[in-house]
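First the structure, then my questions, so here it is.
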Amino acid sequence: MELILAIGIGVLAGSGVFLLLRPRTFQVIVGLSLISYAVNLFIFSMGRIRLNAAPVLNPAANDPALYTDPVPQALVLTAIVIGFAMTALFLVVLLASRGFTGTDHVDGRER
Amino acid sequence: MSGDQFPLWAAIAVSVLLVAGSLLTLAGCIGMVRFRSFYQRIHAPTIGTSFGTIFILAGSVVYFTVTQLRPAVHEVLIFVFVSVTTPVTLMLLARAALYRDRIERDPDVPPSKDPLDNAEMEASKQAPRRPAVKEA
Amino acid sequence: MSSEVLLTVLIVLPFLSSLVAGSLPANARNAEVWLAGAVALIGLAITISFYPDVTGGEVVRYEIPWLPSAGLNLIIRMDGFAWIFSMLITGIGFLVVLYARYYMSPKDPVPRFFAFFLAFMGAMLGVVTSGNIIQLVVFWELTSVTSFLLIGYWYHNANARDGARMALTVTAIGGLALLVAMLLVGHVIGSYDLEAVLASGNTLREHPLYTTILILMLLGAFTKSAQFPFQFWLPRAMAAPTPVSAYLHSATMVKAGVFLLVRFWPVMAGTDQWFWIVSSAGLITLVMGAYAAIFQQDLKGLLAYSTISHLGLITTLLGMGTPLAAVAAIFHIVNHATFKASLFMAAGIIDHETGTRDLRRLSGLFKYMPFTGTLAIIASAAMAGVPLLNGFISKEMFFTETAIRNPNMFANLALPIGAIVAGIFSVAYALRFVYGVFFGPQPTDLEKVPHEPPSLMRIPIEVLVLICLIVGIIPGIAIGPYLATAVVAVLGQDTPHYSLSIWHGFNLPLLMSIGALIGGVILYIMLRPYLALGLEGPPLMRRLVGQRIFERILVTISWKWAKTVERWAGTRRLQPQLFLLVLICVVTAWFALRPGFEPVKLQLGGWDPGFVILWMVGIFCAIAAAHQAKYHRLASLILMSGAGLVTCMTFVWFSAPDLAVTQLLVEIVTTVLILLGLRWLPKRFQKGDTDHTALRTKLRRYRDIVLGVFAGGGVAALSYAIMTRTAVPDGISRFFLERAYTEGGGTNVINVMLVDFRGFDTFGEIAVLGVVAITVFALLRRFRPAADSVEKPEQQRIQNAYDDLRPNRQSGDTVNEYLMIPSVIMQWMFPVIIVLSAYIFLRGHDLPGGGFAAGITMSIGFILQYMAGGTRWVEDRLRILPVKWIGTGLLIALATGLGAWVFGYPFLTMAFQYADLAIIGKVPMATALFFDLGVFVLVVGATVLILIALAHQSVRSPKAARSTVLPTHAVEPPPEPALETTAVETPALEIPGGAS
Amino acid sequence: MSRILPYPLLTLSLLVLWLLLQQSASPGHILLGLVAALLASRAMAALQPEKPRVVRFLPIFRLVGRVVVDILASNIAVSRLILNPNSDMTKSGFLTVPLVLKDRFGLAILSCIVTATPGSAWLEYNPEESEVLIHVLDIENDQEWIDTLKNRYEILLLEIFG
Amino acid sequence: MSQIILFWSVLACEAILALAMACAAYRLARGPRAQDRVLSLDAFYVSGMLLLVTFGIRTGTTLYFEAALIIGTLGFVSTLALAKFLMRGEVIE
Amino acid sequence: MSFLDHLIIMPILLPLGAAALTLLFDETRREVKAGINFAATILLIAIAIALLVQTDAVTREGTELTITYRLGNWPAPFGIVLVADRLSAIMVLLTGILGINALIYSMARWQAAGPHFHMLFQMLLMGLNGAFLTGDLFNLFVFFEVMLAASYGLLLHGSGVLRVRAGLHYIAINLAASSLFLIGVSLIYGVTGTLNMADLALRIPHVPANDLGLLHAGAAILGIAFLVKAGMWPLNFWLPTTYAAASAPVAGLFAIMTKVGVYIVLRLTLLLFGEHAGASFGFGQTFLLIGGLATIAFGTVGVLASQSTGRLAGYSVLVSSGTLLAAIGMGDRAVTGGLLFYLVSSTLTISAFLMLVELVERARVAGADVLAVTMEAYGEDDEDLEHEEEVGVVIPSTMAILGVCFALCGLLLSGVPPFSGFISKFAMLSAVLQSEDAASPIPASTWWLIGLLIISGLASLIAMTRTGIATFWATLEGPTPNVRVIEIAPIAILIVLCLGLTVAGGPVLHFMDLAADALHTPTDYIEDVIGTTPAASAGGAS
């Protein structure tokens, strides 16, 4: 399972990096989104993955060993929110750039 | 899986429901692959959203009712929402596809009955526009 | 007054009065002169008052703490040598002020002039009285800066600008070298105190860094004193007003270089390196300067090269390394200052009275200005080394030193020959000056009839020439004790016996003097026909113009090369920048990883077929999305959603329901958002890649794929490595699991962390969301679509045309029919989604959910209405004020956090209790809920604002950005459509009930 | 009444939704749910939606029954078609069905039923001609489709919405 | 016994649903038209939702239900937006 | 807890509250927003000074005490902790000072160039202060994002093709860097199980040998993210363009943005990889040294090659960053004091210069350009123009004052004595040299540092002279630019502060040396953060 997840993270990150380096703004925004999936999963994986051990407590049986590590999850949540905000911002900036320059090239001019 | 006290009949029922539901859903998705035109494909996913969903949710209801000793009704909500929203999506999508195909004069699609259609479609194509787009 | 106060006044007064001078009105010429003159005189008086304290090698020191921890305190240190320099600076300074009163035109804005002048005087005094070698550099650089301003005083003149810039550049280079030298001296000796440095000559000379220090120090001295090969800036500095030249290039600025050589003579001189470098540079300068001076056509140019030559003489003397030579050098410093200052002033008077300094046009002026003529002749004679004048004595001492038999060949041959040649040249140029200007035929093409200047303007020259005479005739009385004071201060116990009498008998130096005089006369007579040609520049060296070479080097290095290197080492394109970022990250992470990393053992087993297939699908989607993103945006977006869903499912799989829910909601909103944007992007069609550029593109693509593989592989390896390690046993997570319920009051640890344990993160996170929403809003207010996106999308145009053509239809009927049935369901989902949102909000603390998820849900409800009914339809019915919601949300969260202060707890301390309410029963009441409410309100506001601001672009009557290539950003938009500001911003806060 | 409780049925449904979501019918949840439902229906009122006018309620249950049975049958039929490697995939086609039903809600429900049934899809409703274009997977028995639509569903819907 | 039956059936169910997702993903990438992709995205989401329900049975908790519920309730919004984009070239007018 | 105990969190809460408050007012009431902004910024400075006094006072008594604040009353390392020592306090004060001056400048015209300027402005202050005060690695990420988000908004403030184009690059690069930040932080968490910086410092020496590589990889990735912000070559090509594109007051405020990267690199290298870090001691130092030197070199080249004053200013930022990074790379306690002095001095200078650039550009092509700038500020036909009167007095002898400011900026930037630019460079170089034994040869790195510092100063001098002469000496004709007192005053204030640093060099340097000592010996920091108990039993304050 760890291997599969790791490969998945790697592919998401790799595809994202490839897109990040492309000349069109749309490619970059898709790349950034893929990277953010990868990063979120990466952070998540730092807590070691566990099946069926959600961090919702059962007040009756409060043994920390029964639950997953909540810290990475909290971090991922913050990262998701910030990632969402940044995607929105980048989208609008790329639209504005396209509007001003007439092109969707990342440099604002065709090369 | 909680414990051995789970009754056999329920286990069998849940299993059957789950497998049946998932197989139906799979069948729908295979249809997505096999059907040749979009209008055929549009029939496929409804298998999954109708009885595929019903069976699997029923399995879930049985399972949780037995294990938690109280009725699990969440599934009903899922079913209601899925069966309300899926047709809406499909209708909008199908109508959009129809429109797109008509613009491109797909011979397999019934044209609008309106006799003016052809002339004005030409006219609208005179308007400054880029070549027809295959994609989005 | 105590000596401390006096010393402080000596240094500080010029700077303070500089500020005063600069703030006087432009026409305050006399006030400026009174001020500057008074400052100079006070300085002179103070200096004189220190005479008793510094005779016999005594030193007066005053230390003011400045940067004690870095070993840099201000030490004002007056010894004999500093004293004699201070005399020159203040004395000649006073005379120059007086002279400038008459020289400067009433139209000139003299406040600036005197401000710079006084600052320069202060800097110069600072240099000579520095008791700390870093402090010396400080004032040294200040002289560079202030002299730059003085030289560039007439900046409307291109020559002045260039001359000033060159002087600054050259002397600043030297100054920085000097700084390094001093830092190294400090490193070697362990102190920057001049006293300590002067006491450590042996340490310094024997240190391996000696040569480095020497070279750096000489760079400073040579640039300042215009020694070969840095002599070229000085003639260009002649563009300065003459008072400036008279001051800077006789007594002060250029003397700073030789001052430095003398100052460090006791510790640095006496080695082979010193001898070779200093004396050869000095000798070359001496001869070359004198040679070039003969052929100058500009009066001040002649004096400038003569100055170079005399400085070369002083440098040569210092280079010899013998105490007697040092005495001669110090003596010549003083002598040169007096006669050269008077000559510059005389040249200025000539310029002033005739309107030209060109030797080709000047002639026979003695008849018109006999007084000035006489003074200039005497001063020139001093410069030429004619007996009974001060120049003679020091020059004779120079000849004496060169004539001494020396163990090495260079000294035996080159020095005396060079000395005598230079002597001949100096006589020749002095003659040229005197004869060319004052004698010969009547001047013809002068703009005005020359006459004597105002007598007060002559006083400074008269004083100086008088000094030349007195010192030349009775040196022992006139200068002897003072010179001795200076010499002892430098040489201390090494002070040799020397005599300052005019007559030493008939000896070799005298012969050399006579030879030089006769040779000079002969040379001048021989050269007269050539000089009559009026050619610019000296023969043989005409094409070797130092300043031009320097300029060219400077431009090449500082402009052309810099531009090339900038282009080569940098880029303005985004792709290479991102490539480098990723590459560097991969490489550094790899290097960091290498030590202490055990390769991980593959752990197979525990395979979950569903999960494996799921991720195969996810991987497929990710790669396909990357593949399609260029030409098939919609496909790419859909595939990306696929990968996103797989990510959500993974969160579920590994027990993170909160993440799954949040990611899912964000996923939906993001898709809608990007779709809203797609409309404004250009259509893109697949082209065949055929030509040469396609190959490059392809190669770049392969390169990027390789980097992507490495980056992805790296991330995968890192995550695999961590996942297969056991968790850190004493990590912080246990704390949260143990206390979330008992002390945080919630069973959903994630939510308790978000609103309580790490509530501050959430606090910042909502701030980010708010800021981004506001930014988006602000940016979109100025949004201009590109020309080809202005029109409505093709589909709408066709559909509207269809409707318009039919009498029974209205524009928009097609879309209404299209949405007629679906919109019913979409509208009725609205209250359902609101209830769902409330549900998600409330259950957050105990089960997956919370303010953020609820907020996003709510905004999806809004967006659904916009999709169903259109912008106008919704905004006719609902008043949405997202900006205010953002503000309110932030304030709610803030207030919740601040609430804890009332109870004496830190910010964001949450309280919880199970409230036993009448009907409802036991209900957990955590203040965290209020915090979460703030989050909810903000998230709704921000998300809705972003989506609506974007959606609004379609209903505005958009005007395209005018052109893609407009050079400035001056093109600005037409006014906003009212819709934007009113509907989204103005009315009061209320959701429902806007309609009635 | 209408000002405080503009859509009583909606409010009630929302309350039920709330209770289903909470899986609890404690007084507290009823109270909370009521608050949520009231707020939500107030919000709905702002949108000024068209209200459905239900004349008779009983046929609703008959309709549901028929739909469930039909959908199950179609599920099997279509699945069989898909999974049978030799099945003929060319028999699908378009059908135009004239309708009597005009009520927007009725049409909405009808369209949902048609689309939710595997094998038929609602494409385009033409209000002028009052006819609908549907696509069916098995065009062979086109009259059967039209009959189902008109006799099994439309009649009931006409009863419900008058 | 019942546990074994359940274990295997749930596992099989998961695999089958994942396969269904794979089929949808195939159409997602293959197209050929945008409407095909949108359609398959919808199917993809529904299969995913069912997978979540199944997963809930496997782990025996209802914690994962919200995710399924949200797909069921709100998942259609993005598909809807895509459909409207195809029809009108714009999501919100 | 008394009010004074909450002082440390005020630099974060105050701007947030002010920002939120401005949102409640419509765009038409810009004066109110400006007033809120102004009041909040002034108050921020007061708080920062109080904090500075507090952090300094504790040491005067002989015991090092770092001020800590446990958010939510949760004990460290579990909850988030704010930590203030001298360095943090000075950075917060610096933020306030730059803020107030940029704000004053913006009130002349720029605040009206787009909506919600004041909100974004305060949010940037909040992000900066948060980054300077937090003691938690992930919370640092959050504040970085607040800061970046606000900086995006401010950079784009005024819109226009140049800003949007530069903004796209700036945002893309920073988004990538943020991803690296997350990967780095989480990897470090994965290895050590903690996020608190002080706790990390405690745990790093005990990281098992075969986890060390992972830890270092995390630190390296994290470091790259910081170095993008700090502007290290070759991660800094975006910077000159961005700074040149930003409106003047924004650029003036941005002067501290690179310093955040430098601050955190300095803080973390010394805290995590200092003398007590065991096997990890000195991690990354060589990299920083080489990168810093390369950055100085590149900045120097850019300074020389710049045609526009805006880019010249941008490259000056790089020189400053490079100097700081290289000085950090020296890893020498004595150098650190000088580098802190340099940090403050160069930030003030660059801020003044970045704001001055616009005025100078106005002077350069007076007339046409003024029109362009005004048009840009207001929009040709923006309604804002009408109720924005020319309140300030147009100063006479504008050119003279601009010239003086420009000259002083040039002297400060190029490190010409005796100004603070010189003092700080001298303090660093002197420390580098004095710390070496006089008998042993000077290492190559020291030579490089000396050489590059000197050459970069010279290059600045050459470039500034070139530009200054072209602007102030070579052009005489044309109307004098329209410059208002409230535009030149903030620049003058900043320059005067630099001059103040010159005069008060001794005490300031002493303060910086103490700050450096605390950085190099973080035991007290760690003890104060981890050691003390929270105010009461955590949790229930019902």
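Observations
Read from first to last, the chains carry the letters A, B, C, D, E and F; within each, the first residue is number 1.
In the analysis below, a contact is a pair of C-beta atoms (placed from the backbone, for glycine too) under 8 Å apart; a residue touches a chain by one contact, two chains touch by 3 or more.
Given the structure is predicted, the values throughout are model-derived calculations rather than measurements.
Shared contact partners of chain B and chain C, listed by label: D, E. Path length between chain C and chain F in the chain contact graph, taken as the least number of steps between touching chains: 1. The most distant chain from chain B is C, comparing centres defined as mean Cα coordinates. Among the chains present, the centre nearest to the common Cα mean is that of F. Judged by contacting C-beta pairs, the busier of the interfaces A-F and B-E is B-E.
In whole angstrom, the spacing between the mean C-alpha positions of chain A and chain B is 28. Each chain gets one centre point, the mean of its Cα atoms, and the points for chain B and chain F are 55 Å apart.
In whole angstrom, the spacing between the mean C-alpha positions of chain B and chain D is 15. Here the spacing of chain D and chain F, counted between their Cα centres, is 62 Å.
Counting partners per residue, chain C has 572, 574, 578, 582, 608, 611-612, 632-635, 653, 655, 657, 678, 715, 718, 722, 725, 727, 731-733, 736, 757-758, 761, 765, 768, 772, 775, 779, 782, 788, 794-795, 799, 818, 821-822, 825-826, 829, 832, 836, 847-848, 961 as the residues that reach two or more other chains.
Contact with two or more other chains is made by residues 28, 30, 42, 44, 49, 72, 74, 77, 84-86, 88, 90-92, 94-95, 99, 135-136 of chain B. Listed for chain D are residues 17, 21, 111-112, 126, each touching two or more other chains. Every pair of chains that touch is listed here: A-C, A-E, A-F, B-C, B-D, B-E, C-D, C-E, C-F. Chain contact summary for the complex, chain A toward chain C: residues 1-27, 29-31, 33-34, 37-38, 40-42, 44-59, 62, 64, 67-71, 73-74, 76-78, 80-89, 91-96, 98-104, 106-107, 111.
Contact residues on chain B toward chain C in their complex (touch as defined above): 84-85, 88, 91-92, 95, 99, 103, 114, 116-117, 120-121, 123-124, 127-131, 133, 135-136.
On the chain D side of its complex with chain C, the touching residues are 10, 14, 17-18, 21-22, 26-28, 31-33, 36-37, 39-50, 104-105, 107-108, 111-112, 125-128.
The touching residues of chain E, when paired with chain C in their complex, are 11, 14-15, 17-19, 21-22, 25, 28-29, 31, 34, 37-38, 41, 44-45, 48, 51-52, 55, 59, 63-64, 66-67, 69-71, 73-75, 77-78, 80-82, 84-93.
Of all residues in chain C, only 608-614, 616-617, 620-621, 624, 628, 632, 634-635, 638-639, 641-642, 645, 648-649, 652-653, 655, 657, 660-661, 664-665, 667-668, 671-672, 675-676, 678-679, 792-796, 799, 815, 818, 822, 826, 829, 832-833, 836, 840, 847-849, 857, 860, 863-864, 866-867, 870-871, 947, 951, 954-955 touch chain E in the complex they form.
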